[in-house]
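This structure is in structure tokens; I'll ask about it shortly.
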Amino acid sequence: MSGLKSFTRNGVRIDETFAEAFPMSGTGLLITGPTRRWANQAATTMTGFATSVIGCGAEAGIDREIAANKTPDGRPGVRVLLFAMSEADCEKQLVNRLGQCVLTCPGSAVFAGVEGEKQIKTGDAIRYFGDGWQISKRLDGKRYWRVPTMDGEFLCEGTTGLTSQSVGGGNLLIMGADFASTMRATEAAVDAIARVDGAITPFPGGIVRSGSKVGSKYKALFASTNDAYCPTLRGVTASALDPEIGCVLEIVIDGLTYDAVAQAMRAGLAAIVKMGAKRGARRVGAGNYGGKLGPHHFHLKDLAP
Amino acid sequence: MKPLVFTLRSEPVERLDLSALTPARLSDLSSAAIEKLAIGTTQRPLRVGDVFRLRDGDRSVIRFSGGSSRFDRIAMAMESGVIEVDGMVGREAGCGMRGGALTISGAAGDYAASGARGGAIEIGGDCGDFLGAPLVGEMEGINGGVVIVRGRAGHRACDRMRRGLVAVEKGAGEYAGSRMIAGTLVVAGPVGGFPGTMMRRGTIIMPALPEIAPTFLDCGATPLGFTALYATSLAARSPRAARLLRRALRRFGGDTATLGKGELLVPA
Amino acid sequence: MIVRISGGHVVDPLSGRNETGDVWIEDGKIVAPPQGQSADAEYDARNCLVMAGAIDIHSHIAGANVATARLMLPEAHAAYMARPAQTQLAAAGWTAEETGRRYARMGFTTVVEPAVSPHLALHAHLELSDIPIIDKAVLAVLGNDDYLLSALRKGEGATAVADYVALTLQATRALGVKCINAGGAMAFKENVRAFSLDDVVPQYGLTSRQIMEALQDAAVKLKLAHPLHLHMNNLGLPGNVETAIATIDAARGLPLHLAHLQFYAYGKEGGRAFSSAAAQLAEKVNASPHVTVDIGQVMFSDTVTISLDVLRQFTGLKTARPRKGFIYDGDINSAGVVPYSYKRSDFFNAVQWACGLELFLLIDDPWRVFFTTDHPNGAPFTVYPEIFALLTSRDRRAEWLASLPKGVAETTTLGSIRREYTFEELAIMTRAAPAKLLGMRDRGSLAAGATADVAVYGLHKDRAKMFAAARYLFKDGALVVRNGEIVHAPYGRTFRATPGFDRAIERRLDRYYTSLYGLKRDLFSVPDFALPRPQAFGEVPCLA
Amino acid sequence: MPRKAKSSARKSAAAPKAAAPIDIDAACKLAATLLSAARLPVIAGMGADVAGARAAIRLARATHGVYDHLASAEIMAELEPLRRARRFATTPDEARVRADCLLFVGAGLVQRWPEIGARLAVGAPPALQRGRARKIVWLGGDRADVKGLGAEVDALAAARRDMGPLIGMIRARAMGRPIKAEKSALRRIDSLAETFKAAHFGVAISSAAALDPLALEQLAGLVEDLNATTRFSSLLLGPRANGAGVTQAGAWVAGFPPRTGFCSGEAEHDPWRFDARRLIESGEADAALWIDAYGDEPPPWTRKVPLVTLTCGDFGGGLVHVRAGRPGVDHDCVEMAIETGVLTPRAASAPSAAPRVDAIIERIMAHLPGSCA
């Protein structure tokens, strides 16, 4: 049982708690393709195995689609963001994914996706794939690489921005009576967050069902299932769940800035509240470690509509 | 803000070296001091006051009312500000420019934009030979910035070009892009024979293929994404060049006499 | 006309003077203070250092390769179209006239052009004759010529070689003989790309060592005052200190001058396999009294390398700054001209800089170490004042050392050297010792009877400023510089040695030219009619 | 070597109209007056020996004028690979005794140097390449030259305009890069490339008159490329009228080759601005001294300008003509000799009292205002 204070909006109970978030390094790319489909394909592949820094080295996702008339080369585009715990990890993961997932993707081209305090190598690193046939072009202060590929050329800007002002680990715990209603509310929240610039939800479809706690009975594991939020363990553990909660889903949010994360959580909360408790979530909470580990605290009561 | 205006009195009897008349170099001078600057190039050099009537104004915008083929080194090494010439100029216009804008309504002589590293140069008329080329002994030609020539360029445009974007609207002479090191030359009119002779890297885009050396090899027509970037960048400054860049292009790789990593692009 | 330079700090190692006093000049010579006569002109030298005119024994100031360097680098000339910015090379003036004037400004009165190929001797003398103020001399280069190598291959004796050398000195009007990477240029014509002391010249079956020994013996046999002037193998290569040490041993105790030793003071230690071995080399020089050396100090500047070591220059094309160059396969000797820029930020260049100073400071005997930058190879000669300042101030050296890339200080001993050159040591190194080395007995001294080449410098804490512009310079007794400005520019003389030889060599060589080249040998001579000032030669006597 | 320079076909405004006979001192005085009164005087032609060149450059400096040589276009073309890339050079002696491959490039080489075949001993094996034969290739030569060389020549004809691309193709193949050519042509080019690569010491012989500037640079590039694996060098025959000697003198006297001006007192080198013909056609120069002691070539300009001429012939035009002695014929001289490739002393073959260029110029200089002479 939760001992937290709470308040209610449109029937949805909101815990007076906070999401505890951490500084991250963030970067991103603008990927274009011959069609929306292929721009999205490159973006999806590149951000596929990027749910948590713990196992994937980085957290990444699609920020938004960009219309053809708004991209540098006049083709449909997608902006992806990528976050990691250090600048070095960030650069390494970005270049690795760029090489494995975007360079390989037919018709793709890559441009800087983020303006940051620092520039990291993208094309400048990947160019060597050209085996000496790569061509550098500098236009309006930016450097581009043209790397010959089997479908023509892979065009890739030399660098993209990297910011250490990023924030990772914004989250919402959406609790509902059953899977269907909880999912309905969570999906609405994810859709709302997707419209926020500069923030992504790295887990599958933006949602994670395997919330975790720190530590495990097994020595080798650093984290294990968050039993306090598992409905099937309600009776046998010190549960955080009320009897009326039959399902919990979590949205984890990474953003280029503190504001982007706050904005995303605000949008998510608003969508959940708007749906109301009848069709959607009964209760919304957030995950934290007691406030001792992460410097950024997003209090739900500040963000709720 | 009123520009500083130099109005030509009459055709000068000698070549003038106008490199001293840039915003930075005039910023601290009184108009009387400006009038005393020696700009002639012979043993009894003309002074500014002999050649021009001066109308004082903001030193960051300089206008020449009336030009001459004896106006050499206009805007040389300029870093910021604007120079506009209503008329023609001589040699080395905008040579070694680093920033700012130089606009010439008429024609320019040889070695326009020689070794420029930045800024924007626009020449309303034709320009002479060796557009952007290095001066004798120097190793590199134009090294940055954007140059638009509304008329034709002479022979060996962009010789030894290293970087930057040059668009010539009405055509160019022989050996365009000779010994190019890198960079991009777009010529939206007819081009003379043997473009790209001894080019190492770089791109020359032309509306039709002139006579080329056998050390350029047909690589066929494949979409090249980068041309769209150039088209966008040039759209406002030279719609003619932008239109050429939006066409499907065929690539000829060369010059294999040297490194062989340059390219000639013509509509497929 | 009697001239008195009064009240200066006179430093003259040869006469042992190191005191405040006067120097008297009459009719172009130094004289003892005249009794009962007063001076017609008097120059106040209070707060000044008074020394003999300085002598540069190794500076590429004239000839076809210098001309090529000038033509190759129009953009490095001072007056080049106001663009680019002035380069250090531009400071060298870059004409014959400016060469003389700028040397004189610094108090130099004699300069040796050390690399004249016999067939290019006329060119060198034409240029030299247009260099004002200073006196000059050239060294003729042998050791990469078919005639000599064929004679050695045939086993012709030392006399035959000596005759050939003597005739070459006569034909080229040279003061001495130099050998540059003996056999290396010949080997390069056979597509050999590396050539060391015991490597063999293809087609001739001779090692570099054998050629060098033959020329050294000839110089000894001819009693030339200036010993063989040697540019060794493997210049500039990491680990070449071993070549230098082996070459010193190869001299067999006979006199030998090693040119620009700095370029041979390299070890292979450290992460970049490049380190200073100057301390080791200095120790070897200290223990080898038959050897004299000049340094070839590197200073950070844009310059050009001019060398008859064509093999080294060919390799150097790869690192040319800017990327241009000239490689010349000549009749006798070859050559290469390659621009280079020594950068303070470049680890290798910084080590080279340190190596030179280490040699200057660790070779104990100032009579055997000479002041050069191998102009313009290590730096243009106009940087000399700065080097004087570095030699006389360990604080200044420490400042420079601190500004060098990481790891440089560790690879050299320079930081630990406390020695500071005294004025007397400078006077030995730049005046007395070079005069002795060149056999020019009339100069390098302020003793009575010496040629009145006198340099007067205003004392200044900043030695670079002090030595950059002489307060006064007298050449042959005439005032030529006042307060750093040229006030008079007469033309000096060119000095040569004329050892005797058996004239039969002339006929042999005539036949050789006719049969091999199909030309008359006198096409390569330096006749009087070819020179604008044919009378302007002086002689250096051979050793007794 | 040919003494008579090729006469320019250009019609000159200063056309043969014999100048009135005039005493040499009066002529020098008039020249001094003209040059010193001018805003921008030009010392042009410069067909002179080294002493004449030294004097002419000093005259240009004294009058704040410009000096240019009649074959400057060729001088600039020869200098280009040196000033902008890499150049390998050798001597006629080395070509004769060492080259096992002689590559002649371009037309007009024999006309420039009729003795070339004999001097390079083309018919004999190279003396210092024991046991090695000599291979001779000629690209783009005149048929008569190739035939008359006196040795077996592997010749490939090509028009002047095609020389650059032809050399480029060989260069590409020598370095293993592709070219666009029919099978048989490709075989031919490949075999030439192989010949050059197989040479132990090859020498490419050409001249700036025989090739366009870019073709000449292409040739320098081929020679450089071949040195990656073997030895190759080049021999340029040099511009007429001692152009190479004047260039050398310019290097030490002014620091620069011809097309150098002393307008401000300091030497400035600018091949475009100080082109004598351009200066006069544009009206920028207002007096000229034309020197051609090697021949009687007229000035290349059409515009009228106050002109003093100094040639070894009777050429008139201009205000005053002084007949000068021919270097190496009328008087001893130093010049860049084509047969040695170095500055060479040449004794007079038919000594006469005809005045030397340097002596005439000294007299002109003596009449300049402010001269202490």
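Each chain carries a letter (A, B, C and D) given by its place in the written order, and its residues are counted from 1.
As a convention for this text, a contact is a pair of C-beta atoms (placed from the backbone, for glycine too) under 8 Å apart; a residue touches a chain by one contact, two chains touch by 3 or more.
Model, not experiment: these values are computed from the prediction.
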item	value
Farthest-lying chain, centroid of Cα atoms versus that of chain D	A
Pair joined by the larger number of C-beta contacts - B-D, B-C	B-D
Chain nearest the global centroid, as defined over all protein CA atoms shown	B
Interchain centroid distance [CA atoms averaged], chain C/chain D, Å	33
Inter-chain centre distance, chain A versus chain B - centres from mean C-alpha coordinates, in Å	48
Residues of chain C touching at least two other chains	72-74, 80-81, 323-324
Chain A: positions in contact with at least two other chains	none
Junction residues of chain B, two or more chains touched	136-139
Chains grouped in pairs wherever the two touch, ordered by label	A-B, B-C, B-D, C-D
Interface residues, chain C side, partner chain B - complex	72-76, 80-84, 322-324
Contacting residues of chain C [partner chain D, same complex]	62, 64, 66-68, 70-74, 77-81, 93-98, 119-120, 122-123, 126-127, 130, 146, 188-191, 203, 314, 317, 323-331, 516-519, 522-527, 529-530, 532
Of all residues in chain D, those that touch chain B in their complex	39-40, 64, 76, 83-84, 164-165, 167-169, 171-172, 177-181, 214, 217-218, 221, 263-265, 269-273, 284
Chain D to chain C touching residues, read off their complex	50-51, 54, 79, 82-91, 93-94, 96-98, 118-119, 121, 127-128, 130, 200-201, 227, 230-231, 233, 247-249, 251-257, 266-270, 332, 334, 337, 339-340, 342-345, 347
Interfacial residue positions of chain B with respect to chain D in the complex	13-15, 41-44, 70, 91, 110-111, 134, 136-139, 160, 175, 178-179, 194, 197-198, 213-218, 255-258, 260
